[in-house]
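In the two complexes below, subunit A is the common chain; its partner is subunit B in one and subunit C in the other.
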Partner chain A sequence: MAKGDPGAPARGRRAAPRSRKATTGDPELVQLLTPEGERIESVTGPDGTEYRVDFTDEEYRGLYRDLVLVRKLDAEATALQRQGELGIWASLLGQEAAQVGSGRALRTQDMAFPTYREHGVLYCRGIDPIMPLGLFRGVDQGGWDPNEFKFNMYTIVIGAQTLHATGYAMGVAMDGKTGTDDGEAVIAYFGDGATSQGDVNEAFVWAGVFNSPLVFFCQNNQYAISEPLERQTRIPLYRRAAGFGFPGIRVDGNDVLATYAVTRHALDTARHGQGPSLIEAYTYRMGAHTTSDDPTRYRIASEVEAWQAKDPIARMKSFLEREKIADAAFFTEVDEQARREAVDLRERVLAMPNPEPDTIFDHVYPNGSPLLDQQREQFSRYLESFEGSVH
Partner chain B sequence: MATETLTLGKALNAGLRRALENDPKVVIMGEDVGKLGGVFRITDGLQKDFGDQRVIDTPLAESGIIGTAVGLAIRGYRPVCEIQFDGFVYPAYDQIVSQVAKMHYRSRGKLNIPMVIRIPFGGGIGAVEHHSESPEAYFAHTAGLKVVSCANPQDAYVMIQQAIASDDPIVFLEPKRRYWEKGTVDLDAPLSEAYPLHASRVARAGTDATLLAYGPMVRTCLDAATAAAEDGRNLEVIDLRTLSPLDLGVVYESVRRTGRAVVVHEAPSNLGMGAEVAARITEECFYSLESPVLRVAGFDTPYPAARVEEEYLPDLDRVLDAVDRTFGW
Partner chain C sequence: MSRIKEFNLPDLGEGLTEGEILAWLVKVGDTIELNQPIVEVETAKAAVEIPAKWAGQVQAIFHPEGSTVEVGTPIIAIDTEPGAGPVEQSTTGAPTTDLPAPSAASLAAVEVAPTEGAVEPGLIGGPAPGGRTAVLVGYGPRTTAAMRRPRKDTAPTAAAPAAPAPAPAAPAAPAQATPGRVVPAPVQPAAAPPVNGNGRSTGAVLAKPPVRKLAKDLGVDLGTLTGSGPSGSITREDVQRAAAAPAAAEPLTVTAADPSAASFGADREQRIPVKGVRRLTAENMSRSAFTAPHVTEFLTVDMTRAMKALDRLRERREWRDVRVSPLLLVAKAVLLAVRRHPMVNSSWAGDEIVVKEYVNLGIAAATARGLIVPNIKDAGRLTLRELADAMTDLVQTAKAGRTSPADMSGGTLTITNVGVFGVDTGTPILPPGESAILAFGAVREQPWVHKGKVKPRLVTTLGLSFDHRIIDGELGSKFLRDVGDFLADPEAALLAWT
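And now, the complex of A and B:
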């Protein structure tokens, strides 16, 4: 989805009733859609940037559809894990708006470097949602082509991908692909826990020093497995950017509109050659860290309930209903599409074949290795020795 | 034919220059590689001639050097990273082992990381701690990396270009104590006709026992062979050149003739390259061996203070002592 065309019919414009100034004070954050589903027309950030969105009704409905689909597919993956069909699953529950908002803010030419939880961004990039399930089922290690979809492979080692994004962004600048509206930008995803990693801080240093066309997108979901934010930082994360010499801003990560606006602005700043920035998308991991985790051991139910009231999808639905952008038939149709896609996902996961044993030896080196050739041959002969035997 | 006498360090410099000339995607990056030309001057003059977009002085963080080089590689560049000293590679270890080595495999061949990681390695220069280490086994043990080491100026000139041209990620170990040793280098030799990168080579033909070495210890073994010749013993010396994958065909052929093999390296003996080489020789040449394969290596201690490093490092006498033991078995 592209940002609304300035020449689009006025019908699509919702006259929002109020605007306000954001201040730098914690916990102020950029918000364009309240938890109750009220639209705020625009917000002026601490540096004077005005954040607003200008969507048509169709685009609003499209964002809602994305949010619902992404949540449904994620829930299906969790169910598949519970039924033993996936080894593990890292759910994005609660973070749909942060991912759809930033994912839809990317332009076709922009490159994204995800963690292992960016299923929503992956969806926005047009990648078949079954791809990450291959990784978590254990039949491959991520099957999409990063260059085709401009979406790198998932990175499990915390924070390592921020350096890859930084190097890629240096390459964009070296290729002369910044400085125009058609310039390229890069986005690096990571979480609150990752901000303690050396690699992330080195990436901040590098991107600042080389003025790289890069957006650091931190989904602060409040927990690194069991450890709360207070174990990672003494100051709000977005303020770390100041020490590295580039702007940082906190956005309501459960607000798909604000996340879109803030990310689009940061990406455009980057693509115009005006350097990196840090976005802290303030959100909450509603589920467990992964299906192997038990969050009841480290957080209380009332905290989860408080965040439930800020649900990213419920507020978007309230807005669409309040403004009569969508009717009941639309919501039913979206739910039905989500159900269909989830069923399809399930069927295709169950049909995923296990890889052949000798594929272990594939793609270790672009130019191969005589040692591996020898091991592959020995292993093959070993397997053949069982042929015809009953075991 | 432009044959010149160059030091090993100057030969590397000439090889890097040629790689920069031949491929606009080659970039050199590291600490002090630009204006200074590197602490060993291996990149001397390159930034001046190719600009600071091709020869990049990086912030002082090794993980950052390798991690950003991964991103540049995904973007289509061919980064040549300099790690200033062996003992400083460890902050980059995660990026090398978990990212560089695995990217091609994880992506089922969709991504290449054609990166060269240059590391001046080994001791013998009287340096303070962390400046004299031999970390090759860590990298040779890691699937997805290739590891090579040059031992003379001609190989330095050719091998660095071959490593840069290769799509495989390669750890390129430079014998820093040999940077100043001179040799003739054929600067015009076409790369396509050069001796292969991942191949061992006989450095000195002999008949009585086989010495196996790489990097700085090749010179030590050649000196030992010269000394042994005076005592009437004709030693063969093989320069392994490639540590991962090992190329042991020429080694097996040699050991089948001599019946005796001694592996020499500066790195500690325990689980070092010598252990792997000895195991494979034993598998392949068991009935030809007159004695067990012996190892002459650094001791299993941290690298010691400089005033005792000569005692720590394998030298001519320790090599010949091991040869004697293979004959006394």
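And now, the complex of A and C:
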């Protein structure tokens, strides 16, 4: 049960050389892949849980492909903003492993509540990556069906989604959908800054008291816009969970394998009705908070360089190369696919139609409302009052 | 247009109106790839690289490094099919220094208001070019509203756009009618006339209430102005331009400069474009110098006692980490003296004098960007410790270039610390809207008659300029005397006054 096992046939499994323990109270990370790309067989957490992954070569390559694609599409979106095609963009650069690792650990029935930066999780949920670009271009509100993809709408308000997730998780429990191997789990994403929000703490209290099937997934990217972590907390964030009465663990958020293992375990705990957990994925936002931000004003270059050395994709690549799981042709092919998808993304963004003004009335109520119909009618009369009107 | 594409400077950060070209990373003739960084642009928020929107060959660059460009203005033209033979209207191969003009069509197509004043410029940061409100965060109101189709029931006037504009590419005559637009220098060096005469005349004067208030404050008669806003309404810019008119004999809006200006030319003269902080300073100083009648008085003070008091303050435990400077005492002296002479903290508003209970204490700071005067809001209510922290914070923010427009607006009284440059005093010019400014000179050891003997003492000279419309010699002298008394013996002044 403690295994973060993808459950796939064990073809081409890798035997890794060593294991180690993460001791209680130690801020040490759960790590299965070092920044140099060395595999660690397994790590035992403070509560005795053994974290390990057992991927096939195909699955390892798949994770690498996800990481590269997610980064490339994100870079394209950033470029599109710089070219005036998006109003703003919140880049995930540096956080690919935290998002892909946790996103791939989700099962089809699990529900995710994102912030506005979870483009990697969105990708793993099978949602067309064009969707968030519509939101940031200002032509729609997001556009995917949260129920179809089990992925809620982006939440801009900091931390608010943790309460939504807590409520949703309550519903899952009340529907009796937990307690089995195929139970449902819920995951709420947020950042280090959000841990200072009242909402997040209320969600912790509620989920803890009601034993909700919920995983709090905190991507600690070290900055709440410009505010560094040391002004957010005096103890490691994962240790806050103890005060709320559920387990907390810190994982190397730049290690896709460890993130996968830790998230899979926490989700399984939740789906079995064993209550919530807090995961602190320790990572770094390599880019700006959003395209409106200039990180050079509040952090130094040497810090960024130090994190560059812990890059999530580079370590996965050196692991694949070292273990001969992938060859140069594979890497070229992935890069080429990423380039193609980025070009495709660009073309589709530029072709996005501007919505008609009266579409703002369309999705307020599922079956409309008399008051709203009246407003729509007034609005269209107003539009018609202009010369050259087509309405 | 289909082959040669012009790239307009986008709004790089939620509601910005302009950006400064820091460096071109490509030059005319270069072959570039999609998303290749082409230019580094600094906005009020960040310095960023802009990636190329199209692959191709750079055909023209419209603005030199160092120029300030309005959002929506074309900055580069890219030939997207460089292999397809020569281009007809051949500017290809033109050297970077010979800045060509963007096509009229693209100027017309930019999503910037064709005329200023479609949106009332916000008070934060004051009016912004392009008619957009300069806001700190979030989305500034766009001026594209100015391109909206006219209402059917509006009686068409000469001022209204002639025809409905179904395509965004045909607003009424936008180009040279826009004051403040950055016009490429070689094309129309004489562009940007103060007021464009597009021959509109209506009976009543059209202006929004805040603009009327501004006109009243600045003593400008709205009836004498020609409005450049929608339907001939008078905008904030029109009023300010009129107020500054006597001083603005030289047009300050020439921005697109010769890129080789960094060095002296054959005529051994250097031309530096007037923009940004320099331009603002010039406008404010000219306006103030020629509207407020200045009087300056001086007072030399022995600060030895005060300097010793500062030393004692520094030794106190709770003041251990606080930056304590003589300027702090000067600030305190000014704030206490204002309490005794409230009229000093006032402004001239034409028919009336506005006396303020609050003191937003400005501290003039020399920064890399030039002179800026951020102020400490309601400084009179702060304890000495809070004042010290606020001053440290203000100076650090200014040095780091992070002072926000809000920090710089609303000042009521200012101190300029010219002593840090090693000079004794000066005759400062009032910031517009303020009626007193104190220059604080260097504190240096000088011979001084102390208790009947000539002794080396720490002496400084204060220079107070005030607006004689409000403050007479008597009041100004008393105020300066009080500031001096405090600096000569802070303990006694505190006991006597508070």
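Just so we're on the same page, the second predicted complex is superposed on the first by the 363 of 391 C-alpha atoms of A that agree within 3 Å, B and C clash if a C-alpha of one lies under 4 Å from a C-alpha of the other, contacts with A are read in each partner's own complex, and residues count from 1 in each chain.
One rule holds for everything that comes next: a contact is a pair of C-beta atoms (placed from the backbone, for glycine too) under 8 Å apart; a residue touches a chain by one contact, two chains touch by 3 or more.
Nothing here was measured: the structure is a model prediction, and the numbers come from that model.
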Q) Between subunit B (first) and subunit C (second), which, if any, makes contact with A:Met153: first, second, both or neither? A) first
Q: Examine A:Ser292 and indicate which partner it touches, taking first as subunit B and second as subunit C; both and neither are also allowed.
A: second
Q) Which of the two partners, first being subunit B and second being subunit C, lies in contact with A:Asp327: first, second, both, or neither? A) neither
Q: Specify the partner with more touching residues on subunit A, choosing between subunit B and subunit C.
A: B
Q. A:Glu336 contacts which: subunit B (first), subunit C (second), both, neither?
A. neither
Q: Name the contact category of A:Asp182: first (subunit B only), second (subunit C only), both, or neither.
A: neither
Q) Should A:Glu387 be classified as contacting the first partner (subunit B), the second (subunit C), both, or neither? A) second
**Q.** Residues on subunit A lying within both footprints (that of subunit B and that of subunit C)
**A.** none
Q.
Under the stated contact criterion, what part of subunit A meets subunit C in this complex?
A. 76, 79, 81-85, 87-88, 288, 291-294, 296-297, 343, 385-389
(Q) With touch defined as at the start, can you tell me which subunit C residues reach subunit A in the complex? (A) 7-14, 34-35, 45-51, 53, 137, 139, 148-153, 164-166, 400, 402
**Q.** Touching residues on subunit B, where the partner in the complex is subunit A
**A.** 27, 53, 58-59, 61, 63-64, 66-77, 79, 91, 94-95, 98-99, 103-112, 114, 143-144, 146, 166-168, 245-247
(Q) Show me the residue ranges of subunit A that touch subunit B in the complex, using the header's touch definition. (A) 113, 140-143, 145-147, 152-153, 155, 157, 160, 162-172, 174-175, 198-199, 202-203, 205-206, 209, 362-367, 369-372
